[in-house]
């Protein structure tokens, strides 16, 4: 009982943090004291002070305002890309698991190949060649993470499909689509939710990494990863606060997401190995 | 013995489509690149305003007038002979340049893998042994933290602390031997230390619930012997496969780490190639890292033989 | 040194569940006498295996164990773990249930048996290996050397059963606890197990606690039988008395449900009697009196020395 209690408290804290981050990014235009893109060359690299609580960056932009705006692009990108991966993975996984035979062989073969490609390498190459815009980043993220969903879904579909009650449904004359929508998908819901959560956390990190390389979110759009690469790399000796603030934001966000994933896993009582990291 | 041969043969067979997939991906990356390769090639030999005739001639010379599959196979044939073309910038032989840089990237990545295995598995064992105590709680939080830190930020953080403030380790380069390897390997391995330790912990705890552990305890074995001799050895079987998967992430992450620590490996090469739109280099990079990944995974798979007697005896399921 | 008795006093084992504590063993007291084979019978969930495991403290941490278990002068439940480990295997051996899952899948049989011997420091590695081979020969393996070099997944279920039996006896313990040795085995293997246990008793002079739901095995093998129902000891007597003249209505029901004794099932619980404070068997008892629902019966001595927990014998 006490364990439950502890988990509840943790869950509440993590959800509050995530909610605050989301609110902050959504309400950014009203919360930020300055425009995140307003350049003030007369006030470059200012130390934290009353007017600029987190100081200013190399172009004199207010760091606090950029922090408040900085989660927008990557969070949106991460959620959108993970949704797309989930969609692709769901369709591929259901098709492979439900149809079996040749369809399954082809999809499993293709996902083996995708699994054999190192994810970050492919992302760097794809975005590098197609240019860093939202479309190519999402494409790269989806290409490197749909396999996880598809494998999970395929496995679960195969498992559910062989249950007696599905056979019963079929005997009662239920169509394939009905069986999939009403009986198979609800069974894999919890696993999908957990994988989705952990994925979003990973994708936030990947996007930040790409932004750091200059391949992710492009300036002048404020972004935590870009803020670190944009100014911190050059000025982290003279103005280390430029490095700390965005970094801590990324850590807080991904850590909350990761802990949320863990808690969901505990709460929904899923065996750890069924949502293996892929 | 036959069983082992059978197992290795099976693994190799699975690799062939994956390797082909990697070459296909590398090839297609070159095809989807923006810009007309014919114009680019003409521009590079100094023809800025080509005629239709020039272009047709160049198209034939580049083999671009043939159907896509034919192009792929001739590209693949050349790649297999070690000919990855020449870079647009500097007109250097790409294969040679990659071969020169690969050892550096491998050095960083393999040290990171070693760090991940050592600290990840070690931490996982400690957590499982201290299950339910404060040590477990603290280490579990640390592993979640490691999983959530962006590698590049950790690298900058480590540089600030260990190189700038304490002055113990160099900020960049590779000229101080092992010392210059510590920070890059640590930054690169951090996330994998986090996930490996969590998975090791979970696997050992799962094994500890098995009946053979009860029996081992009933023999009167000391806790250490039960933990290491039985639970840990069994938990290694699934862990080893996962570690192979992590190596892919390490290879990609090494691109970022190389750029931070100014290590002249594959990563810095591909980053400058991206800036210069030097597509054949990017293709070569995908080809060589993909192949490396597959080969290292294979090597790790062979370790699997050592920990899983079922494969030694029966050939096991692939 | 003479082998001491195992004396259990007021043993309770409870598990914390989402619905509150659930007790598998409820205030159980009995003495297992050295030199005899004592059977513990009861249906699944009656707490018999939990009782056996709690003697060696092999239950998961979630189990709350209270009471006392004396092994001679030593109290097993509060003994320091270090001391208890010296007893495990050496003085009290375990023949676990489910032999296929009881052997480590990645360790050779040789290591599994020899480590049981060497950990108690009685023999060196070499001597222990020779001992292991000898042990296997006693358990009917003609070529012990080849078996020792193999893994459990290469063996049949019957072979693994003999292997875990050998494992439990590796240190020639004075006591052996055999936990459901025939669970899930076919008739041929059951006979084999019977032979093995009998052999252990005659050759090694081990005292034994045989936990089983196999009434035939209990009848053939045991000197005494204890009957457990819902964590309580409801009847104990010699095997002959229990099997031929069962006193408690539950024991009688259990024996009459055997195919050879008429195959009459024990009735399902009477819903009207479910909530009560009396005898645990009250809801299913065909001979229940009004008193049985009100108060729990104590142990009543029988003229021949047995005990039964039923008001019919008050």
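The chains carry the letters A, B and C, assigned in the order they are written, with residues numbered from 1 in each.
Heads up, the rule we're going with is that contacts are C-beta pairs under 8 Å (C-beta built on N, C-alpha and C of every residue); 3 or more make two chains touch, one makes a residue touch a chain.
If you're wondering where the values come from, they're calculated on a predicted model, not measured in any experiment.
Undergrad: What pattern do the touching chains form: line, ring, star, complete or other?
TA: Shape = line; chains linked end to end, path left open.
Undergrad: Between A-B and B-C, which chain pair shares more contacting C-beta pairs?
TA: Between the chain pairs A-B and B-C, A-B carries more contacts.
Undergrad: With centres defined as the mean C-alpha position, give me the chain B-chain C separation in Å.
TA: Each chain reduced to its C-alpha mean, chain B and chain C end up 53 Å apart.
Undergrad: Distance-wise, how many Å sit between the C-alpha centres of chain A and chain B, to the nearest whole number?
TA: Result: the chain centres lie 21 Å from each other.
Undergrad: Which positions in chain C are in touch with at least two other chains?
TA: In chain C, no residue touches two or more other chains.
Undergrad: In chain B, which residues are in touch with two or more of the other chains?
TA: In chain B, no residue touches two or more other chains.
Undergrad: Can you list the chain B residues touching chain C in their complex?
TA: Chain B reaches chain C through residues 132, 209-212, 214-222, 225, 229-230, 233-234, 237, 307-310, 313.
Undergrad: Give the list of chain A residues in touch with chain B in this complex.
TA: 109-110, 112-126, 128-131, 201, 205, 208-209, 212-213, 215, 225, 228-229, 232-233, 236-237, 240, 243, 247, 250-251, 254-255, 257-259, 262, 272-273, 276-278
Undergrad: Contact residues on chain B for chain A in the complex?
TA: 14, 17-22, 25, 29, 32-34, 144-145, 147-153, 156-157, 159-160, 164, 191, 195, 199, 202, 206, 238, 242, 245, 247-249, 251-253, 255-256, 259-260, 270-271, 273-274, 279, 282-283, 285-286, 289-290, 293-294, 297
Undergrad: Within the complex, which stretch of chain C touches chain B?
TA: 53, 56, 58, 60-61, 85-90, 93-94, 96-98, 101-108, 115-116, 119-120, 150-151, 153-154, 164, 167-168, 170-171
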